[in-house]
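One chain, subunit A, appears in both complexes that follow, with subunit B as partner in the first and subunit C in the second.
== the complex of A and B ==
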């Protein structure tokens, strides 16, 4: 099965990003938040989001969004098995945005090593705690992981498509 | 245009519906074998292959637009001859058009490879000129020297640039900014401002990142000319990918960034490795240097080719088809 995985913390915009490029609205498993996530959003994904795009030859590329909350981490390995590549979305305005990114780079390190990843920084229009993109560059440079990092609006299909094009370039070159 | 190589472009005109369906089916079947064609209606002069129906008016117009070296497949009830002309009897038959396209693909890829090898082995066709006296040079100096300037010209809103805070205040739209960047330096009036003056002028104007304008003006002004003091033989790599969602870019830049994120190489080596025209590489290099993502400080040895993936043809075909499905609108 050909699939692209979208991951990232709660409220980073995974469901929105998938919805902006997919052919059908994402099939979600959203439930009412009962933990600290309720401060970020009312509903959250517990198992996965799913949608797809269809290529000209009829092949379906499946788009999966992982659950954001850590207690559902057991889903991550299941979802990444056989995946083409990984899109990590991080809320740029989160006070610990860099730590959040590193947590996901570490958690998916094996999958990233085997395939490739791109990073989308979301909520760039909010400037409460916003971390400059150069700080993300610095973090990746120190880790010797020069991955694409783009500021995106998860609602804009052109932005999400640009991320995917970068992922394809990483996978091919 | 796709970010992935080896796809050949077909432009066509006046095909009857059944022929069009057969052609599309042949292309889809071939893509499963890693033989990649894409149909494109715009810019037929850039297509590798033209497919025309002899009976159509549009075909004659398309023929006039064709380049001498372009291969033309003419669907007709009559037989056509001519240089680079292949005559195919109407109506199209799936197995014959599929096998013709496959043969043409192999032939054309070989030709493309040969001409690239010829270009690589030939001495540099033209010397690399230095990039001087453009707005891009002024912007780099403004940032380096921490100046504050006003750039004005007839017909466009003024630009107020703070080289200390890396900001730009203006009422100009993105399109106008691109047009200003393309003007000759003589058409612009540039004067220094105090920081106080900057605050007064920039009040009520839109503040944008100087980085984004540096990038755009680097791409627009360079035109294959390299920044003074830089060399096409000096190895470098990328410290970070350009922020493509906020920058102007060409499809080829994805490939350049992907290579340079993993490898250290000079502009010359990058041209050999990527097969991308050296002018495009220089434009990319200048812009990347200006936004501070070129790493050439301690690098002396190239590592080009040490970390390149061997992607199976079938997987390449799949990735190429995904790129085609998610076409971007905003390429330069």
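== the complex of A and C ==
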């Protein structure tokens, strides 16, 4: 089974990204936020998101989204089991966007070593605290983790499909 | 039960609401709900009240269980179960029951924002334990409806 995992901080757009390319009504586990996340959104994923897409060659790619909060990190291990690649989504307009990226690169380091990874920068249309894309490249370069980085709109299926195709290209190489 | 009634009285007292004592009173009352639950049956070995998004609100545990981790796991399990029930029966979960040789855990919705997780040992009567848990949920609802 070809299984790709979407991860990243709260509010990065994981559920939205999976929903935008889903061929079926996505399986979600959204509940009402009661923590500080409520400032960003009303509902949050507590177990997983699931859906799938079928590529032009007929290959079905299963998509799993993780919860963003650290307290659900037990789900991260469960969901990455058997995965072929990782998509890390980061809110580009987050004041500590680079730290946020590094947190997930560290948390998923074991999985990243075994598979391919692409980075999607979301909320690029907001420019309150926006970090330049070059800073993300620099961060990855310093860590010796050269992954493709894309500015995307998680609501746009073509943008999210670009991430999937880039990840599959990384895996082939 | 008297302590819980007192808490409800305090919560309906305008002075307490104004002075910001509400959270403290609620937490104390929820702690008492769990203590009462554990006192009702020696086979109930622990209980946690958590928010639906996995934050621990009150605990009564005999073992050194990580309440924060357990709250998050309970929330994930109940949310998955709700999704499963919603898609198969267009309904919400009454309870999630996990059984093992050493004991059982059940997780239930307490209110729309809270859930109750209860640990029972292998000797426990499941039906009775569920009934005690339901009584605890009635008390939680009474406390929160006093707000």
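Here, the second predicted complex is superposed on the first by the 165 of 173 C-alpha atoms of A that agree within 3 Å, B and C clash if a C-alpha of one lies under 4 Å from a C-alpha of the other, contacts with A are read in each partner's own complex, and residues count from 1 in each chain.
Keep in mind that, in the parts below, a residue touches a chain if its C-beta (ideal position, glycine included) is under 8 Å from a C-beta of that chain, and two chains touch if they have at least 3 such contacts.
Just so it is clear, the structure is predicted and the values come from calculations on it, not from any experiment.
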Inset, instruction - May I ask you to decide whether A:10 touches subunit B, subunit C, both, or neither, giving the answer as first, second, both or neither? - result: neither
Legend entry - Partner chain(s) touched by A:57 [first = subunit B, second = subunit C, both, neither]: first
Legend entry - Touched subunit A residues, subunit B compared with subunit C: B
Inset, instruction - Based on the superposed arrangement, let me know which partner A:75 touches: subunit B (first), subunit C (second), both, or neither? - result: second
Legend entry - First (subunit B), second (subunit C), both or neither touched by A:162: first
Inset, instruction - Give one of first, second, both or neither to describe whether A:170 is in contact with subunit B, with subunit C, with both, or with none. - result: first
Inset, instruction - Give one of first, second, both or neither to describe whether A:112 is in contact with subunit B, with subunit C, with both, or with none. - result: neither
Legend entry - Overlap of the subunit B and subunit C footprints on subunit A, listed as residue numbers: none
Legend entry - Residue ranges of subunit A in contact with subunit B within the complex: 2, 21, 53-59, 61, 84, 133-134, 137, 140-141, 146-152, 158-159, 161-166, 168-173
Legend entry - subunit C - residues contacting subunit A, complex: 51-55, 68-69, 71-73, 75-77, 79-80, 82-83, 87, 112-113
Legend entry - Residues on subunit A engaged by subunit C in the complex (per definition of touch): 27-35, 37, 44, 46-48, 67, 69, 71-72, 74-75
Legend entry - Interfacial residue positions of subunit B with respect to subunit A in the complex: 3-4, 24, 27-29, 31-32, 237-241, 243-246, 251, 254-255, 257-259, 261-262, 293, 308-309, 311, 316, 318-319, 321-330
